[in-house]
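Per-chain numbering from 1; labels A, B, C and D assigned in written order.
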């Protein structure tokens, strides 16, 4: 993935935070008296954090691969770059 | 969370697999030549795995808390148990 | 679907509003100078309205079918009522 | 929305089919003995059909507005076109 140094660092810290959140869920599941609504809320937070990473990757793709393809002017490459974005969206929307 | 020993063990191994998947995403983000579609696919797998855990927690809630409330016969407790499930669904549906 | 008269009336007016919203989207699509972000926002409203109907149907199911099954005490019927709810959730979560 | 004649016709027939599906849900809700799982399945079909329309609008946006902005070369317009897509995705992913 084409990424500026700052962006790569941002992904790194986001993903390491997410890893910590998943370990938090693991600890919650061990506790007999933990209300399951709390665990579901924590899983929801992990999912929101992952979605935020996904959106940042998609934006980076638009800014780099898709923009390069459109500027490059090769019509087939442009169509492929649209298809790639749509494949990503098809799994999510 | 009220959980049988087997189910707790199942959650444990699912969550530890998810933690490993998140570390996999971290490694992918470090690779310059990794296609962003691959990273998005891996994140998608993490999310599907988290959803599967969520559904199992919800089913466990129906089987334990909600069923106990309905069998208990206290109408207020029953209403609260419906509300709890709906709170969980409102964030997801 | 087991529904009180009031609830049926509520579903009726929600669905007729949704039908009107879909016709609104149809009109927007005909307008050359309509910004596509507006159309997507309107479709989003339709989807939120549909999700709200879905959640009301699910709550009604918990309050009627599932509760009847649990009170009835036939263990197989109870398991089937859990399975039914989970089938519904599997398509949505 | 910038749309070819064929695409506009395609949206027209998709949306008119969706309107028919919503009327189908209305009829189902009136039937006392209709299983609520069936109604939820029908609503799910409406939602999938709406998502398909959404994805087609998003692709059309990439192919027209975003591509025009990138080819136009005005950096501010390009950034705005990325922001627009991301606003759309933020509500959905």
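Everything below uses one rule, namely that a contact is a pair of C-beta atoms (placed from the backbone, for glycine too) under 8 Å apart; a residue touches a chain by one contact, two chains touch by 3 or more.
Keep in mind that this is a model prediction, so the values were computed, not measured.
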Quick one: which chain's Cα centre is the longest way from chain D's?
B
Please compute the C-alpha centroid of chain B, do the same for chain D, then give the distance between them in whole Å.
29
Rounded to a whole Å, what is the gap between the Cα centroids of chain A and chain D?
22
Let me have the rounded angstrom distance from the C-alpha centre of chain A over to the C-alpha centre of chain B, please.
18
Specify, in ascending order, the residues of chain B that touch 2 or more different other chains.
51, 54, 58, 92
Please classify the inter-chain touch graph. Allowed labels: line, ring, star, complete, other.
ring
Contacts from chain C onto chain B in the complex sit at residues 51, 54-55, 58-59, 62-63, 66-67, 70-71, 78, 82, 85-86, 89-90, 92-93
Please output the residues of chain C touching chain D within their complex, sorted ascending.
1-3, 8, 11-12, 15-16, 18-19, 22-23, 25-26, 28-32, 34-37, 39-40, 43-44, 46-47, 50-51, 53-54, 57-58, 60-61, 65, 84, 87-88, 91-92
